[in-house]
């Protein structure tokens, strides 16, 4: 039984973006702290681009925000406009080219872009660029977006952004820096969150409201679907970039990605997660002595389950807080001996108890079994797994590094088979309806493709098209 | 209002030690994973020394365990005996010399030592060494211990260890590696924990049982006060190194230092902390809507408080999990704007509520006020601070980097004054008696000097002496 | 008097390029050793791109070849085609973006390029790219060349290379890697050298023949002006890329840039430099006791001067071989005290002597004066400076980082004024005619613009044009 | 034929030392520049210790002086006394512990030491220290010297230094820093050079006078054998530390180690080397067309040979100036193909010529053969090797990393056999007498053990003793 650090059965969010326009402020420094608060959305690389109204410069590197930036490399980043980006963690070294923001010189001056999301028609756009004779330095869809912008018709960046929004299919919450303006762009479906706020006479934009709060912003609001926010010395204007489609927010922002202290679509993430736990308790009650989370992301749902069920809440697994990017691998004997790097059970707590273990989701199912084994060995008498989201049966094409069909355990196995595989006494997934009740918004507002397989876009000969009846094909 | 990363109102534990004797095992690799599990005891530096029966080698460096060690620098560390060490975090660069283990060649061959604790008579021992014509490369008491060992009378390391135990006053849990033997030594007072276990025919030793569990050890037991454990090809023998004194365990191991999944003096830390919370609820009840911890260390106590009081448990502050060693400082405007790097409040949870905030201790009091302010601004109607330990009125000389008298807020101010200073509606510290009830061991078993000022050792002309009546002066 | 390491009165060559196509060979490793031999052409950054017939990958970084590459980062560079590049040294950190090779994906697959030289119409080409909607990530003319190539009309890379050669004005010796072919391209004027050779059934290309020799190549030949060499599994073909113009080799390759063991236009550099010294002796004879070089580049010229004049050759200045990239600056007192980092005089050799000091060129004149002072203080009775090239009166636009008009001492001052400024007893520059005699090729074969001000290209409204009568305007 | 960078047939000098006492000066910075000038004596590690009269601090690291020190790590090194050290290059990573200076706290305050040389009775002294109960952290004899000093009887450092000088057998030129005084110590035999000079009212000490010149010192003098120089606010005093023995200077300082611009025993190294070349020409004349050195160290000897013989001097091999610490190894095919990293021949110069190749010494003989082959392939008709020192037949125990008996080619083979092995047409070593004539000092003044096998010290049961009749046994 081996639980690897950082491996986990994880979903990986693509990115976090930040932007600021504020004369008289240390915009790179504020961006640093904003990215710091978005670190949970990506730990692979970090970068900041700034403009002082004349020229734009960029610093980006592999690593955590706190590792990438030093007083020394922050110092040259002078100006009154900045954007920043954090990217999610992977060992693939070729990803170095994908660190963001991207910055290019163009006919209209410098332009830098930071992107959270994923396009489904990247390959089509790449081919268009190739046909137009543009070479691409990376495999990142953000570079594609940027060259599309640079090559778009129109005398202003706004026209070009609108053009780009016509071309791009998929998820994109963007911050864009030009010589004298900060833009924030959210795709017409609103796949990923994006918020803005005021700061000392200036403006800040971020993937999540928690980052705006962290830097002391006020008057925080979410940016509408399809909107372009234009921020310069004339203030902030919100204009339509593309007609907003029906909303299609990735529901996993509620379940797992976003920080509990962020507000999305008017709801505090923490509260939604507690509500998910309460629904779970109603759908899958069980007679037990203790409700415990798989820490840390499932903690609010476990608290919610406990509140609803009346079973006491407690901790049964301790998470090592210092798990970092380690390349030291346990050898086979260590594996067999049960090196438990990520979690340790609280044996005395578990001894003889019937426990409810709440987790937020199961992707590959690779960590559930060792956790159940670990709890069993620690003395738990009964182990009832409760998952605060439905079975994930379909991969995501919208920026979540989720796995392929074959890897998805719920695609391969029934719930009962999964229960057997993990060795639990019972297993309950929250139903789709229960999840929707908990999030308190119409089902139609969300991208649920990983649960339902109903994708908004579908690959046809000649590229991706939107397939839902209520939307037009591009 | 500014809450700095890693600053906090912190107590800093000195170190964690590890040791292994196991033929046929990858001892350095196992030590790596053991140190990984002890990382909470020290984040400044990490090191491993190994012996293959012929020669001993050492690798140590500043940084987290996962940063210090790579497959490349681990590879040469071949042998069947290893010791390891993690040291606590500080910005003082001169501490580089203090990274452990220390390794010396001597008349009896190589000897390396890893030390958790603090001697009170270091200066006396330094002067003795100087008088004897020994130069010292660092200001670390561990180097002093090692040169005392090397220069001790006796033909065997055991004799020398016993000599050293006669000389050394203070806290020391040690792992010692010689050419062919692993020793584990715990001071006669048992200030710091030290445990051992079996592993595949070999033996492991660690500051806390959680590290033994992590590497898959079994038959885990605590090492008695004054004992020397001798581990070599003949197996493990426990002999008396110095007559055990009355126990004097640092009670802060229960309150804050140790990992919740470790067992000390037969009790699971997590359970003790819940019990502290329950006592706290009994001593300082209050009518409120929510019990929340200052995460993460106070979580078990808050759960205990909630269980006892019947007030629902919940989360009200989100902690940034990616707080690292950053040297980027907020500027003044950011400070005033309220950059909240470490915590963010869950406004919707707190809005209009009367809340009980449980923390484990207050040292300087510097973080309590900003936390109260933050919660107040987030809408909390009443804020009742509850501390699961008594007021800290006296500094520690036993290896906890606690502060000086002047810095200790409870030395300067009364409880009511502290309450005013932090702006809480009420403030309750657990009483000494309540704490003792919760830990379920006699008061006499603990070092309580930071609460009572009754030190075991006292500085007299000519050095430190033991002052308690029931103990003899050295 | 202060002579800074690496500052000097230097001319800086832009770059060195390398290429190899050889199945069954460790092409990246061979490229490493080739770049090693070209290190004198650039010390700022190094990079290697490889293709295995399927995909192309790249590794480049700031630093010397031996610092940039390790077994670890060389290992993934698998394939049978490789190109490499070294770039010249500068402290400007934004140059990081200019490290080469550049690699892009395009409609025809991956393409990487390494460039030695400098375009004069870069800005025109940039504007054309901008107009075409292509964004550029750097200020480097090599990226411009590459996007021009990628966007050129034509179904084959050869057609596109020919198109690029029509557009590009200036100096370019290139190695180009595509999925399955290695190209070598030399501009129609032959500003910079470029040679090729055979290696174990494969082919190698390099800026200088010394690099081909170093990797064990044979059948070495220089690549003609305007030629494109196409190397793939069908062997090597040399075709015309653009009609060759009259030759215009940078004569400073003979005087200073190239390694003495390279052959350019059929002549060994070392021999040319000796001949320059002999001409210098004939033009500027003097009665003296010792001929000494300013080491190391002027050594062959000094030997030539000594041979021709009959005055004994000897060393009078010792050069610190370990001059590296140091950022430690002497303070003012050290400057006044005369910290001589780069050179030290051999006082006993110089004491009372009349010396001829041979240097290869004077650019800003900043090091000549301290050298004369140093020699004078060391006891030299007479100091006769002899320069093995004519006065540099005009800046270079062809890739040599030479200085602006104002900085060029020979632009501001007469020879007699320069002599006074440096404090020498006499000063003799080699005449243009003498230089031409020494290089044994017609004057018309060379770019002599820095001596004569007669530039091949000139900036007109609307861009650069060729101005010499015997050439057509593009 | 493969000639590895930095491998060579090298002799490796142990170290260079520096010291400065100068109020009002940036002593660490000056030490940096002094070490820079001593870099040829050691490239493995560099370090500087300073004292401000109160406390002493140290910075040392692996690497070249220019790599080790930055403005950032130099800044804290404040004070008015400093010592520095460079150590020679080796790949053995355990040597990290041997980086100098060493700094210890002691009864008399801090003391740091930098050492050039080698003791022969290190092991005896180690055992004495072990017996006295002192543990040692490294295998470096400098740490031994320092603990001997610290443990010596005497109330002053001078007394202790004198005690140490009684105990230490072998070569030691030292700079020692205490809280308020700089000491320079040279062993009674004067194995290694050591000079001092004045600087702006202060004093500087260095292994070689070139370093004193580099920092602008004047009134430079060599420090007598057995002397202790005491430098503090009272000025500089030279006292006897131990009775000077008959001189025993390592003659390889003249032949190879020292920089040509240094003065040792009143003679400029460069001149001695030219004289060695002249003697060599007289002893081993040959009819030839060209005299060339193996660059760079043999250049003065080759010039001397040319002057004496009347054969023209020239260059035939070009040395790659950028040879650095590379770990990239040529593969077998590259080896066979003849990768020539360190040298390249000037074929046109050599073509058809009869050449005299002057080298300064042959140790293992591993590079002579590939050089001869390379020259032969480049077209040389006859190759006459001339060595400006006698055959090395015995290893050195005085700090030169020379090889063991088995490795020394002149121990195994006769001159004629060596000639055959290297493939030269003739081979001539300078005779011992010729060498002595060239150095112009009595034979008795030198350590010639590597040529004669007559060691000053010899290992007997119970340790090393001096064996020459004219010296007393310790």
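Each chain gets a letter, A, B, C and D, in the order it is written, and its residues are counted from 1.
We take it that contacts are C-beta pairs under 8 Å (C-beta built on N, C-alpha and C of every residue); 3 or more make two chains touch, one makes a residue touch a chain.
It should be emphasised that the depicted structure is a prediction, and the values quoted were computed from it without experimental measurement.
Taking the definition of touch as given, a chain qualifies here only if it contacts subunit B and subunit D alike; none does. Relative to subunit D, the chain whose mean Cα position lies farthest away is A.
We define each chain's centre as the mean of its Cα atoms; on that basis subunit A and subunit C are separated by 49 Å. For the pair subunit A and subunit D, the distance between C-alpha centroids works out to 61 Å.
Per-chain Cα centroids separate subunit A from subunit B by 36 Å. Chain contacts in this assembly form a single closed ring in which each chain touches exactly two others. The touching residues of subunit D, when paired with subunit C in their complex, are 5, 25-26, 29-30, 32-33, 36-37, 39-40, 43, 64-67, 69-71, 74, 199-200, 210, 213-216, 259-261, 263, 268, 270-271, 274, 296, 299-300, 303, 306-307, 312-315, 318, 320-331, 333-334, 337-341, 344-349.
Interface residues of subunit B, counted against subunit D in their complex, comprise 57, 76, 93-94, 102-107, 111, 126-127, 130-137, 139, 146-147, 150-152.
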